[in-house]
Every structure is written in structure tokens, then in C-alpha cells.
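Chain naming follows the written order as A, B, C and D, and within any one chain the residues start at number 1.
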């Protein structure tokens, strides 16, 4: 599931964008490098590696499907932008590997109003030594920029243009209500990966409870991945594979 | 001039690649984000901004020519790879700006021997709030990865695949002779931007002195940018502009 | 409870010291700065602040009892050293505050064999703006040094003397079995504060289960704080208060 | 010479304190760890090590005189506070070493007006593996906190109490005039150790030039170390040695 969308500082980043604190969004840089498939792990029979690198089990995407979709989903979730088209260049660097282990993508988003449409890039890789789960999102607008790193999820770097960079912390000064409502422990004490999942399940539970009430809808701030997100992830994979086969032709989602 | 090539830890990175410490190079990620043109600075008459955003004075590239070329040159310098072709997407986000202020590029390098050719991306931007001179280079091979950031030039992050990440420091443990010969002060005391220029001039002086000797050539470790680097930078700009005009068509250098 | 002792990389740090990877321990620097009592929060009736700053409820130590004890316990836990004596200087900076809000301590440990006894310092503060829960431990020996920060608990910095600094990561390359057994999620995905508590409870449960077996003892690697740790914490508070009242006289624990 | 006082962000830190941006100064934490004397380097005849560890050549202080004085001078320079007394614990960990290689000091400053006097600690060490020239200064007051690290001198961390932490950069947003006047290159391009010396010499030159003018005095913002700073450094060494010999008795400067 898209657990990354439930980290408190990701919720805050989304809110800051939605509130216009970054101005018009211009640039979205999302990446998810790993290194665990730098060598031919599947050849050794390692289970996690084997099914992921087998097209019959993993589908058309390797790194693309496994982590590229997370990089894409997070970019969409925080920016609120819709993708127009993409140009992708997929590679399998390890000899004999059938699915991609490195993914370079350029993004063109749909314009918002009469503004110049935002652009972006996605890099996903399983052959980048030094990266464990290096999901990182950077978003820049006409009024400010944000940076967030999954391995250090309690921090959100925020630069209002023309002012010093600020280190926003979960539950700390500058944390907003949308972050607080999915946050458990005091600032300075780290939350992690499991809390993200817990938040997703909690949000889903809230929605279910609401649905059971006659005509019930969950509160507006209840957010969780839906079937639509899953479908869009599949469309993203498909578009990348198609574009890459056509030598990077710009491909609609 | 390409002063960045004379930072000691860049010299070391190049040497580590050349010695095969990273194995076969697969991925090159180079970026140079800035934020000083986030708003329409030229409209205010600011001199540095004005000539750079005027096609008659700056040529065909804005961010591309000013900083994209540095990102490209550094990638080439350290990786030792030659570019085969590129696909570029240039934008001018600030209304009325005539030259690009954001540059997304995908790279395909020429293969080395019978290896899968390396791939890469370049991002250069002058409208990314939070970045002053954010030149960063990351290179990954079959045996390890490197990361270097211009604003903190005395550090080089090195991960031999399967081992902990190491923080190599200028003149510190792990520093090599190629770094030491362009280094001035003890480890832990920072060197900076000006020393890079000084190194370039010193190397040039060494070459001149050698040339004055009958039949003289500088020692093999004397390195400085030549006219060829400048010409290649122009070719890079031209190829990016051409590719972007052709909707990102892969374009030979 | 001393939950900090159950972070995986703290377990690893302890093991590295025990295995002699740092050589003879010479220096222990432990600190726990916070900033939440920078102003007179108790005067506003804030509950957490009120009982902690009331000697009748909190005992003889303010910052000393609340966080200084954690800094001390962690230093002891990882170094394995026993304290000989300490010299303390306690202050209450906020006017009207009855208990200390800043604690400076110098430490003298008992010698190990015929080695020069280790020395150290503890700084605990609730009036240090910029710190949320800044628990940090640094240990140095004749063969290497370690650094760990509670807010980023998945990292452990390790420098074998004369070699580059290494970034050890939870469940990553270089992680040891003692860390793995209290670790839940893959490397690069962060664990946090709550997992530390969970580990403590799990260890206690293991001990209880073992105790219920006839003559049962838990496995050697089962570690959790005992009543002895609590008593020693009280002794530490008492010694600090006594030393501070005697103008920093060296005081046995 | 006290070159560290001429780093631009140190000048800025001093100005911020002087302007009251930190409120009443309460805590000063200064440290200067190194690791180059972790083993008995002098025994190998290394020149830098030999004279520094010989009491006849180096005087009464080892690490104390070599680097402890810098940690002390910087604390004084930025805080503007005068020292009342100190309690020191000096050690020589390496067998046979005649001068201290590790220095723990607690500080009591003179009160400013009727405020509670500030407290602090200094740690200087030459046997702390992992540190090259780890000079670090942290200052906390009733309104905010500052942190500066010599190895990364272009950054100054500033936390106004109750607000997010800010990363102030040399020549960047938030940089003040006192930093700008001793700064050479644009923000984001690093300056280093040598520029600090250059600034000191330049300031001295300004003072000399002014002195040559009839009745001339340098401008108020011209700052450089004087003989008084040198004398105070010697007094600091003397007081530390005396205190340590008296088992850490509080000793006036």
C-alpha cells in the first residue's frame, strides 16, 4: 500500500502545497534508489529478489513497479498535480536480468489554470550502491521549496523564497494540524515506517466506521490510498514501459 | 572555467573511478539547482541576471549554459565516460523570460567495451527555492557508489557495495595522492571555492612551464580544462536546445 | 523506563565496546538537551511542566532527574564502565524555578585493570533552544570512536582509528546480530521511539517466560533495565545534588 | 592566531548575541576534539607531535594549550561574556605522554547585570577517534540558540525559541553586514580556513593603516585578536592546570 503518504511530514507537505505556501508548483523531483539488486541476487535463489525479477510474477516493471510507483505516487500526493505525459528510459544493468533495475523518467504535468505546466523527473534504481531505501521528494514553486527524505521522515526542509531554510520537525514548532493528527510521540522522539502503515489502517478504519453510519462519509481530513491510486500506479508502469520501448516517446498516462 | 574539476575530492573521485573501485559505471546523476532567478530579477535591472537572461548576450542557453554545462562537465570529468546522446526538456517558468531557467535531461553514454552503456540524468535549475549553488554529483557502478556536494567539498561519500558507507575527507584517512597534491591545509580545516580556481591556475602554470622546456610536456597528473572542454560544453548546449525543440528527441552530441 | 537502551544501534554500540572494537575506553560524552522549559511553562499551568518542576512531586532533580538520568544510564549501558565519582554544577536559569533546568557534570570512571581510568562529561538541559530530545552519546577508545543520536536512531557513526568514518545502519551492512534481534523492518526504513519500548517489553516478557520454566533463566542476550538500574539512577541524582551543593566537590556514587 | 574569530558566520553569531537576538545568554558549550594523538605519535619522531608533547617546548598545556585555548577564545568572542572561574580535569591517556591529551572543563561566567550567571563546558581532546578538527560552538539564551561547526563554517544554525530551526548561510538569506564584510564569494560556494587567516591579516592591515593617520583609529567593525587575547589564553591554561592539580577546585582566571 502507499504507506509513505501517511508519514506526518508528508501530510504536512501536501497541506503546505494545497495552502499555496509554495506558490505555483514548477518542479517535482522524486527518486527512490536502492542497491540490493546491484548483483544478481535472484541467481542465488534469494526469494525477495526472485519473484521481483520474474516478469511472470512481478509484471512488466522491475524497479519501476516495485519502487518507481512509490516515487510517482508520492509526487502526485504531495503536489496535487495530475500527470500529462512522460518520457522513460528503462534499463536492466545486471546481465540476464529480465526486468528493469534502473528507471529514468521525465515528467510533464497538466497545467493548473493558465500557468506554465510543472515539470519533473523520477529516478528509481535497485543498482545504486549506498542507497537502502532512498525515497526522496523535492518540490519547488514560485514561493518556496520543500525536501523530504523517507529514511529521516520526521524532518521536512522548507525554504520560503528569499528566507533562510527551515527545518520543520514532526510535532515541533511549525508542525501543522494535519501532521499532528497522524502523529503519536513528542517531537524529537523519532517515529518510523510502521507508524505510517498504522496511520493508513487507522484512516481506513475511520472511513469504514463512517460508511456504516447511514449516509456516512469520513471527515474531510481522512486520507488513504484507494483503488484509483492502484489503477494509476499500473497506468504509470504501462506508460513508462511503452515510452521506453518507443525510444522515450512522450506518452500520455 | 571548470573550477569544480580542481576540488581535491573531485580529483579523488575521478581517480577512484579510473582505478575501477566502482566497477563498471552504470549510473551518473548530476544536478545543479539554484534559486536566485525564482522571480524576475532581470526586470529589476540586476546586472548578473540581465545579461544571463538575454539571448543576445548569453547565447542559446540560460540555466543550461550557465550551470547545466558545469553539471555535464563534472559528470564527464569524474566518470570518464563519453556521451552518446541526450533527451532534453527545457523550460522558462518565469513569465517573459526568454531563456530556459529549468533543464531536465536524460543521458545515454557510449558503451565501454561490451558492457551495458551507462545512463544518467542532469537537472539544472535557477528557480528551485532553497538551493544556492547546489551542484551535486552521484556515480554508481557495479562495485560501489560515490556522492559529492560542491557546497561541502571536503567530503566524499563512498560506498563499496555490501559494506558500510564511508565518509572520505580531504587530507584525511582514505585520501589519495591525487587529492593531496591539490590540497593545502590539514584535514578537518575546510578548503573552498577559491582554492579550486587556484588549483586550476597552478596546473595551467605547470603546463606552461613544461611547454617552455624544449619538447616539454607536463607531468601526467597535471589536469586542467582545455579548449576541447569548452567546445564540448557548447556542443552540449546545442544538443539540449535541439532536442528540446524536437520534443525531447534523442540527439547526438 | 530506560527505553533508549533497546534501540538496535545502541545494542550494537554496546556490543562493539564489549568486543574491544574501540580498544580501551577513554572518553564518554553524553548529553540530553531540550528546550521546552526555556520559559516558565509551569507558571502557565502546563501539566507536564508543573509536576516536573515541583520538588515535592519530582524529587530532588529537575532536568537532572528527568533526562540527566537517561544520559547517565545510556553512557553506562554502552561503555560498560562503572562510575567512580562525579563533580556537578546544577542551575535553575528561569527565575522562580525550584529545581535545576541545566546540569553540567564531569565524570571519573573506575579503572579497568591497570589502564588509565576513563573520563567523561554529561550535559542535560531543558533550556537549550533548538533541541527537542537531543540525547547524544559519544564514546572514544584507543582504537576507535562511536557516535549515536536518539533523534536519528537508525544510524551509528563508527571510526576505526586511522580509517574513514563509517555510517553503520540498522539492518544494513555492518549491523550485528545483537542489533538484528531487536530490529523489525528492512534497512533504510526507519524505526523509532515506540519500537524501543516494544523491545524492552519483549525482553521482559522473554525473561518472565524463562522464569516460569523450572530453574529457567533468559538467554544471555536478553537485556532489560532492572531495579538495579533504577536505584543507580537515584544514586546518580543524589550524588549530583550533593556535589553541586558542595561547590562541585568530587562525590562517590 | 585566533583565525577562527574571522569566519564570517562567527562574526554573525557574535553580532546576533550582541544585538540580543538570543536574549540573556545562559549556556555556552564549546569543544575541540581531534584524534591525531590517539597513539604515541611523538615516539615515532613525528615533528608536529614531538614539540607539542614536550613540556619544555609547548609549555604547561598539551591539548589544553594547542586547541583548548581556541575553544575558550571562541566561546568568549561570540558570547561576549567574561569568565569568573573554572573547574578542570586534565588527563594524559597515552602512556608516557607528559602533557594532557584530554581536557574537561566546567565554566562559570561573570553575571551580566542581575541575571543568573551563564554556565558552560569545554571539551578539548587529541585522542577522540573520528574527529579531525572538530571545533564546535553552541550558545543558548533565553530567546534562542546557535550552533556552529568549524569544518562546515559557511553554516550557522539558529533557533529562535518556539520557532523552527533556521540554517543561516554565509552570504545567503539572513546573513548580516558583519558577515558580508569579511566574505568573498557568493552564497553556496564554500569559503574555508585560509580565508579566515586572510580576514585577520586584512583587519590588522586596516588597523595599521588607520594608526598611521594622525590620531587614527580603525572603524568600529574592524576586529582582530590582540595581545590581550593571547594573555587571556595563557591565563586560561594556567587556571586549568592549577584547578586540575587541586582536584578540580574552582579557580579564578
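By definition in this document, a contact is a pair of C-beta atoms (placed from the backbone, for glycine too) under 8 Å apart; a residue touches a chain by one contact, two chains touch by 3 or more.
Everything numeric in this text was worked out from a predicted model, so none of it was measured.
Common partners of chain A and chain D, by the touch rule above, are B, C.
Between chain A and chain C the centroid-to-centroid distance comes to 36 Å (mean Cα coordinates, whole Å). For the pair chain B and chain C, the distance between C-alpha centroids works out to 44 Å.
One inter-chain figure worth recording: chain A and chain B are separated by 28 Å, centre to centre, where each centre is the mean of the chain's CA atoms. Chain contacts: chain B has residues 131, 158, 165, 169, 172 touching two or more partner chains. Taken as a graph of touching chains, this assembly is fully connected, with contact between every pair of chains. If you check the complex, the residues on chain C that touch chain B are 158, 162-169, 172-174. Of all the residues in chain C, the ones that touch chain D in their complex are 22, 26-27, 29, 35, 38-39, 87, 89, 91-93, 95, 102, 104, 106, 108, 116, 119-121, 123, 125, 127-131, 138, 140-145, 147, 157-161, 165, 247-248, 250. Remark: chain C residues 34, 131-134, 150-154, 169, 172, 184-195 touch chain A in the complex.
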